[in-house]
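Reviewing the structure listed below.
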Amino acid sequence: MRDGTIRVRVWNEYLDEQKRPEVASVYPQGLHRTIADFLDREEGITAEVSLITDPEQGLSEKQLEATDVLVWWGHVHHGEVEDRFAWRVVERVQRGMGIIFLHSAHKSKPFMSLLGASGRLSWREADERCRVWTASPSHPVAAGIPENFVLEREEMYGEPFGIPRPEDTVFISWFEGGNVFRSGVTFRREYGKIFYFQPGHETYPVYHDENVRRVIINAVRWANPAIIAGKFDCPNVEALEKIGAD
Amino acid sequence: MRDGTIRVRVWNEYLDEQKRPEVASVYPQGLHRTIADFLDREEGITAEVSLITDPEQGLSEKQLEATDVLVWWGHVHHGEVEDRFAWRVVERVQRGMGIIFLHSAHKSKPFMSLLGASGRLSWREADERCRVWTASPSHPVAAGIPENFVLEREEMYGEPFGIPRPEDTVFISWFEGGNVFRSGVTFRREYGKIFYFQPGHETYPVYHDENVRRVIINAVRWANPAIIAGKFDCPNVEALEKIGAD
Amino acid sequence: MRDGTIRVRVWNEYLDEQKRPEVASVYPQGLHRTIADFLDREEGITAEVSLITDPEQGLSEKQLEATDVLVWWGHVHHGEVEDRFAWRVVERVQRGMGIIFLHSAHKSKPFMSLLGASGRLSWREADERCRVWTASPSHPVAAGIPENFVLEREEMYGEPFGIPRPEDTVFISWFEGGNVFRSGVTFRREYGKIFYFQPGHETYPVYHDENVRRVIINAVRWANPAIIAGKFDCPNVEALEKIGAD
Amino acid sequence: MRDGTIRVRVWNEYLDEQKRPEVASVYPQGLHRTIADFLDREEGITAEVSLITDPEQGLSEKQLEATDVLVWWGHVHHGEVEDRFAWRVVERVQRGMGIIFLHSAHKSKPFMSLLGASGRLSWREADERCRVWTASPSHPVAAGIPENFVLEREEMYGEPFGIPRPEDTVFISWFEGGNVFRSGVTFRREYGKIFYFQPGHETYPVYHDENVRRVIINAVRWANPAIIAGKFDCPNVEALEKIGAD
């Protein structure tokens, strides 16, 4: 936050993708790299990456202390994130760090622990068309986004979505196969802002889409904390008014 | 509320419909009559009707005092509802009367006055298929409703929908032509519960659909108040603790 | 919003106060003048005043179009504000204008129409001490405000407060006589942000208090709209996807 | 839920209390026993107890399956509840089990995991008077509770309270020493209802107070689930509409 630059960290597994040509052809250096690159090019944003294979799974105290907004993409290795690191993320979000959960991160440990919810949904991979509708056009995350935009192919995620009532439902998606999904939703946990955004199946060029990028950039700016609070405690405090006067 | 019976009043304009054969063929006695009839057949519910052409536009003090849940269907004559009757409805909802706004009631005076919102949306009459998705399956209004159900023809209502953040988004609809809509949403205003439900274009047999009827019946039971409060005032009260002791 | 300056308008009745020496001694030129002055001195804020005795009650189309955030103080003359001007305010808030309701504005027409609620509460004038507690310390409206601050004398406003569930409960007040009150609460209505703030009885020097001023300044900055939307309508739209393909 | 009886389980640590005469004199058999007893005497409620020293810490699959509403009182041994049992509670709440957190349970693992929040607050043990105000008088949990009631001695818990924005703020407490606290708040997590209630310091006869008992009884009835859902999964589903028709 010093000098106003937003320090973003993009977390990814980057294990299977390296082995699957249909992913590698879309994201040659991993989708974390694609995401970090377009963020890093933005005025006032710098972006670094963390991988599950890094020391402390890329979530060291030092790394988190240097992170204003964490972007999380994970999928088949959710269960391998160690509880102590997941809770470290949760605790830092409570103190102010913004967090953006992308696509399959709805089953990640930080998502489920921050929301207290299962993240359950239905899904389908069928190369189908998706229309993302802006339900809250005045929300900062929707700035510059048209009333609706098309992703020609996206994995379907469908309702019912196992989340607490969102603070704002910014986007709702229409899927060609007949489903709908609250695809952009916000939450807060004490000082920290949370945004979940559904687009981003790894075999489609979704993170190359200009509207998707705009949403993520907007979300980073929206989630950037004014302050990061110190560690919370439960202080024993003195009375401010006289007790037992009567 | 005496003896536990829920006293419902179904309000309608019933002016143009009488003259349009495509409406009369679907609802020969008006859609208020169809709705009141299926409600009245339910155990523990009695239903009466009010028309805009009735004395005091069917919203007399006596009628509202005998109403636990008001069901509102209006359309081209919204502006003819007198302000004093619209505010009478608003005031009674604040004190506990449930209210269910159907379809085009999103631009009625009681809707806009209770929500403080414009109710704006986009629309299209194109005989298109609509899928109503249950986003909150544990909500009482969704009891017995499948994960999704189809209305073969419905008028499209589309996002963005000009409402405050709902308490619960119970249903979200998918339209064949590419739109989505938060088609079942709840609000509260002090003691009163509010449900808006989108299905119900007057030329389609929507209120003959079993799922639509089930939703409305559920909504009536959910919105039925435990108590109706007396008129609210701002009482001047005595101190409970000693002032100026120090 | 051009050039980033926030254009504030402070609305007041300013009828009885002129005649009551206990008010005039605290706010010689009216409390609207005191409020406008401290706002106008802030970097990036300009403030003007409107009175109920002005043409169109100080709420002309032209005046509202030149207003980003409206600050409202009213009391015994709520009923004299014409409905057409109250609705003009409501409609402009829906399109983005911020609004800050101070103290007795909880019974003003714009307050009750935007919230759909009665604004009922209990009250007492007893020169009692009030402690304003910051319940949401990370909220922008609480920036720079201590965990609690004291108003040595304030009119008591007490729960239950007749409002819809707030988006954020920023402040909760403790009163010496034994009452509590949600004294700083936020709402939104479509594009517009709403803040209600309880302090401000006209015979106490509350608007000379540094913390109270800071809250109001913060609220003005928070409620300043990114954009003011055009007039809302309900457009008839074309299908985006082919209907009846099957 | 069979036959309509609500099956309550009251969980407690019951370790230190046995050794402290000032607790034992108020709750000779433990406060879990006092709470379970007054619940069990209610029509339509049966109550059992679980202790941290029981097998599986009193939270076996079988016990939870036979529990409609769990009441949780814990304090200095929060950290000894095993993660696997805490998550078992969380998962069952998501599927519908109601849960009522009493007093110091704001730092229990199920509380923090369901809410994703720290539960931080300030506190003071000073034999001070507490007034519990009913902020939402129409809420089922407040049925039969007066506008305010007094606890002559209670431990102070003070704002800011580290919780997400509650669904309903039912009670707000006033403390003689100058603090306020949102002492009765509701949340939901998917199918499950959550109520936190602040009163209940172990050395005061709070659970012998008729109003406190009424609130807990009300909360049990309110949190009783209509249904307990099956285990959530993320099903791979077929398209409902034809894909690629154009």
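Here the chain labels run A, B, C and D in written order, and each chain numbers its own residues starting at 1.
The criterion applied here is as follows: a contact is a pair of C-beta atoms (placed from the backbone, for glycine too) under 8 Å apart; a residue touches a chain by one contact, two chains touch by 3 or more.
Because the structure is predicted, anything quoted here is derived from the model rather than measured.
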A student comparing B-D to A-D should find more C-beta pairs in contact for A-D
Chain A to chain B, mean C-alpha position gap in Å, rounds to 36
Chain A and chain D have mean C-alpha positions lying a whole-number Å distance apart equal to 30
Residues of chain D that touch two or more other chains sit at 129, 131, 137, 148, 158, 165, 167, 176, 178-179, 190, 240-241
Contact graph of the chains (line, ring, star, complete, other): complete
Listed in rising order, chain A residues that touch chain D in their complex are 83, 90-91, 94, 107, 113-118, 120-124, 126-129, 156, 158, 162-165, 167, 176-179, 187-190, 232-241, 243-244
The residues of chain D that touch chain B in their complex are 96, 129, 131, 137-138, 140, 143, 148, 167, 176, 190-191, 225-227, 229, 240-241
The chain B residues in contact with chain A across the complex are 131, 133-137, 147-148, 158-161, 165, 167-169, 172-175, 178-180, 182, 241-242, 245-246
